[in-house]
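Next come two complexes, and both contain subunit A; in the first it sits with subunit B, in the second with subunit C.
For the complex of A and B:
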């Protein structure tokens, strides 16, 4: 006998629940997460299209369309975000041309290979367009112009992460050797990661004080007593970079050390018996083994590095001028001066650049690294 | 209990009683009147300004029962923190000590309590003793009193009188004299430590209180026909006065002083330059009244009785607003000039003042007002203005009139006359420059002007681009806030 209408409905629901139990159980968590992740994004998006106005008893948000973005990219705040441009010379155009040619070559090569997807074409188009625009920006502002917070952030991100990865890998390789006191070194190298960034910034501010810092006598002896590092854009950026490197190298170190120590011992021992040198072992056994972890740790660090604020804020207050201002500090300063719309627009620019950079890294480097794993 | 002990105890009780009576009668508030009331007052980190508030809060608590919590934030955050707290309806801050020029942004939306009635009924405040400029201008907006002045602010030039005497230099009358003296004295050891010192120390740090110095210099070039002329905008067109030969000359002076300053001058806050000056490392500086009193503190100063104070120097050429060119001073162009020099003392900032959140509880408002009144009353104020670390400078007539007050604090009679004379000359000048008080003035100065100056000093842009950046930025703000509204507000603040 077929089931009655109500009973049939209940059975169908029970069946459906049975089939989708996993999804149903996870739905509340997904909805909560989405609410917390999406709500601030949506509010920020709305804020980036508005201007704060004081009104009786409080404030109002006046819709201004794309005005905040227009100011940042083409208007009065262009110097702040993109920088002050210099006219491109022959060398500059050559660099831009070479980079564009490289991107074009990579794009065409992708199109000619089998298994081309629409998502892949769109993704590469966006990545290559952004990378080309950033190349022009770098050349136009670093040559004779003056970089804005976007280029400064890219400097912190790519220079910082590269140095930190190199140092972290080096220290990890050293600490993986069978040397006396290596556990002590592991703890010591890990310590900076546990210090709050503001604390690190203040510590470096004191250390780098040429007149009253602990190295004041040393600077004076070296004839640098009257040198003001914070008054020169590149030395100021360098000090920020040193502080950031001091803080984040341990993160690279600890993760890479774990990866190195978990690589297959038998392969290494076999290679040694066969007479392989240290470099050969690293190139052919260690690196392929740790590459997926290395790619992941660099990706995490890239995401984090785009958000740098504490060090430039405390060490240099973004100066001299705006020379050390990162995008996050730029957004913070705009927020502090009640330019909520401008601040949100800077935040969205950061989100876009960081997303493109990290997705590109994930697709172009991360996947290859995973493929390299034995 | 023996007789001696009884006498000592009685005397102690009488003394404490007398002290309490004095405090209570001075503040005109009964003991315990504000029992259980807690007042959160926000000001900047200091230590200046916060120090006297924190030091006197326990005495006020003992006398009235009100507990005063002083909440401090960095200077660059103060305007925004107050606005955020009050505009969002959080109202965690009951009152604040801040720049009176910002009051316009707090009064118009209704965040600030009118104090007119309270002031009128407050005999202990002795408000007739407050100099008319602060009483009638700084404290008021649209005719109503919203602030209580705790500090009198004019920017002045301080110089090392001993070093100038040794070098045979007179005190600078013009900014050219200032530069010439700074150039001549730069590299001289002025504190005997064997290290060459600096010709000029001016705070030029971004996001701090540095941007007033350029306005102090520009005043003498831009304003020559009296206070109502103003230095920020053309009063007829609201066009910014930041892109002309007068402002260019001021920027030249400002940047040239950097050559005779400490190597990290562009990162020095006012506290840093004050420390350098009082430790004998600078021949000249531009600052508010603080250096006068900091210099007499023997514990921290190496320049006790070695400091001369003058009204801001001026210029022999002033801006012709029609052509945008500098023209020589004569009776027609500079009616207030002395010896052919147009001087325009700058009431920079306007003096730290107390304002009360209109949305605070009534008892809290009363307690906050009572505290500000107590701080401003001569019994407290006349002592605080003579102490360097308070950051409070003279603003009461009794403080200018009583030289003994300053001599008692450690100033020589001559130095006191010099110091008070410079402030009084500034205060009484018919060509005094008023600070900007139009809506959103913080954005005009602390954002646009401050950024352009920082970029100029860092070598990111040249003088022409800096002037254009300020002009464009101010025009943009005028448009965002309504040119006509801003124009009307600007004219009103100049008494036009």
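For the complex of A and C:
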């Protein structure tokens, strides 16, 4: 306890602080996270099991059990979260079968390995179950059905992150060459990261305007002048994806460039003297040395990509229909319609999928990449 | 070694020495880099010139070059700054206050924790963590379900937990180390804001802080804290411990060491981290949407609200977006040297 004597109080306070420095240093962070992460997480779990009732002078929460989740996964809101299913055809079944067989094979191979741990088995069972369920979902909704917000979010995350990684890596490799004006490229390529996502959404709406946008003449020449991208599900999703890619490629680029520039120069020169080609150098020298960094940027992007809301909300307002709605936007819309429980349930679904995806990536790809590093 | 015949073709495709590229390769590299440069700059250019266009120039189809295709006009800028005046400046000021305060607070708290995780060994008893979670869940249940007033419930629970931890808690054996704490802190970043925002909204409603700067600052600080700890930990780990040890022998306290030795040495990391947090806080949209409605409205909300019933007014919107980008670009220009290195260190060690 801090003593509160008038004389020497300050000294004793300082002494007390110094003695308890360990606690004082870390407590602000821990308390902040407890108040704004752990506590809300618990309250949200509770909210997802309740229904909001407007009562006199406010509202009350009524416990309804798993009803919100039941509604989302099997009931009236299924079309919104999961999508509208199509009957599976022969090809669909073979895709599902192949993926299931692959997971089963990986699982059995793990079990036969020395050093099997309980956590490993549980983790893999969860990851493989979720991945299999998502595969069935993807096949059932993307073929002839209509995808819901979960599938759309997965599309933004996986298509977005892989495109951004590919572009970022390509640009970083180009920029690491011995060329003049490298710093100019580096600074300019960083710019999109600083623009508000909301601003990017409007900017791309402007650019994609078929009549007034800069490419209007091009569209007209191609006979697409009357085409409305916002009313077709896939072009609308594509525009959202382009906006996201424009913003986040710089992040991948800047980190990968730094990694490439810090790789061992002497090895590369030795390889070049021995007559190794560009691809060979990349595969044997560059890639192993940047793999840990690559795994980490992809992980960071994965974490952030699941939270996408600004772009679909402003670019397309989630439309046409629910075609571009991400899970966060879905939860926000549910909240706006006073469906507090439904909103929390969607949020929890997002949390679950994001956690499984990020942890799986961290364990399966991240560890391996780190191990490969010299 | 005989000198090979230098035909034009061969000269195009072979490098002159080990460090340079073949001319043809150079052309390809420049072409690709310049095309991405166009991809990056063209949207920003279009945004910029649109802010100087009259409605008629926008509606009549694309005009590309100011002074040639159309005569630039400052009408949109005048509208935003003079006619709207305070309606623009209030969200702008609000954004500046919220973003800068939360960045400073977040980097400070985060740096404290990051430094502590590098230099001080922690042992947290697993049993105490489990007990804490139980107490927290119990408190939430009592508040929500039995309608107990929250300050009383929280106080009672805290006292009970302290009593528990100092008595029964001492006998637990298994404990968590620094790596576990770090993992817990970072894993909070996976938490989607939409999951935490409902309770946070209700919390601020109870406290009467809804739609205030304080609420936004506190929330942004918490949301971005994991990134600061993640990045700063690696910077501090790279600082040699000898300096601190000799200062300690001279009788300096941990706080003195932190503020006079560690923070100055970690300046590049602080600069990069601060810039990243500033960008995230400045551009944040979802949480502001929930927590602030009128008084504490921030710029992203003002921009998003431009989707007027008369159809989007691109000229006004462009002005708003341009004035939103400007301060960030200026800050980044000042801190530019540190950015790449800053991001790099965090990424390497993960």
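The criterion applied here is as follows: the second predicted complex is superposed on the first by the 342 of 374 C-alpha atoms of A that agree within 3 Å, B and C clash if a C-alpha of one lies under 4 Å from a C-alpha of the other, contacts with A are read in each partner's own complex, and residues count from 1 in each chain.
Just so it is clear, a contact is a pair of C-beta atoms (placed from the backbone, for glycine too) under 8 Å apart; a residue touches a chain by one contact, two chains touch by 3 or more.
Keep in mind the model is a prediction, meaning the values are calculated, not measured.
A.B. asks: Once the shared chain is lined up, is A:270 touching subunit B (first), subunit C (second), both, or neither of them?
C.D. replies: Neither: A:270 stays clear of subunit B and subunit C.
A.B. asks: Once the two complexes are aligned on chain A, which partner has more residues of subunit A within touching range, subunit B or subunit C?
C.D. replies: Comparing touch counts on subunit A for subunit B and subunit C gives C.
A.B. asks: Contact-wise, after the overlay, does A:121 reach subunit B, subunit C, both or neither (first, second, both, neither)?
C.D. replies: Neither subunit B nor subunit C is touched by A:121.
A.B. asks: Between subunit B (first) and subunit C (second), which does A:111 come into contact with in this model arrangement: first, second, both, or neither?
C.D. replies: Neither subunit B nor subunit C is touched by A:111.
A.B. asks: Quick one: classify A:146 as touching subunit B (first), subunit C (second), both or neither.
C.D. replies: first
A.B. asks: For A:101 in the superposed arrangement: first (subunit B), second (subunit C), both or neither?
C.D. replies: Touch status of A:101: no partner.
A.B. asks: Regarding the shared-chain residue A:226, is it in contact with subunit B (first), subunit C (second), both, or neither?
C.D. replies: A:226 contacts subunit B only, not subunit C.
A.B. asks: According to the stated criteria, A:13 is in contact with first (subunit B), second (subunit C), both, or neither; which is it?
C.D. replies: neither
A.B. asks: One more residue to check, A:338. First (subunit B), second (subunit C), both or neither?
C.D. replies: Touch partner of A:338: subunit B, not subunit C.
A.B. asks: Please identify the positions on subunit A that touch both subunit B and subunit C, taking each partner from its own complex.
C.D. replies: Common to the two interfaces on subunit A: residues 335.
A.B. asks: Which stretch or stretches of subunit B touch subunit A in the complex?
C.D. replies: By the definition above, subunit B touches subunit A via 76-77, 79-80, 83, 87-89, 105, 108-110, 205-207, 262-267, 439, 442-443, 446-447, 451, 454-455, 457-461, 469, 472-473, 476, 480.
A.B. asks: If we count contacts the way the header does, which residues on subunit C are in touch with subunit A in the complex?
C.D. replies: Subunit C residues touching subunit A: 18-21, 26, 29-30, 32-33, 36-37, 39-44, 46-47, 50, 58-62, 64, 109-110, 112-113, 115-117, 120, 122, 136-137, 140-141, 144, 181, 185, 188-200, 202-203, 218-219, 221-223, 225-226, 229, 253-255, 258, 279, 282-283, 285-286, 289-290, 299-300, 303-304, 306-307, 312, 314, 317-318, 320-321, 324-325, 328-329, 332, 336, 339-341, 343-344, 346-348, 350.
A.B. asks: Using the touch definition up top, name the residues of subunit A that touch subunit B in the complex.
C.D. replies: My answer: residues 51, 54-59, 76, 79-80, 84, 146, 210, 226-228, 230-231, 233, 316-323, 333, 335-339.
A.B. asks: In the complex of these two chains, what residues of subunit A are touching subunit C?
C.D. replies: It is residues 14, 17-18, 21-22, 25-26, 28-30, 32-44, 46-47, 61, 167, 170-171, 174-175, 177-179, 185-199, 202-207, 211-217, 246, 250, 254-255, 257-259, 262, 269, 272-273, 292-293, 295-297, 299-300, 303, 306-307, 309-310, 313-314, 327-328, 331-332, 335, 340, 343-344, 346-348, 350-351, 354-355, 358, 366, 370 of subunit A that touch subunit C.
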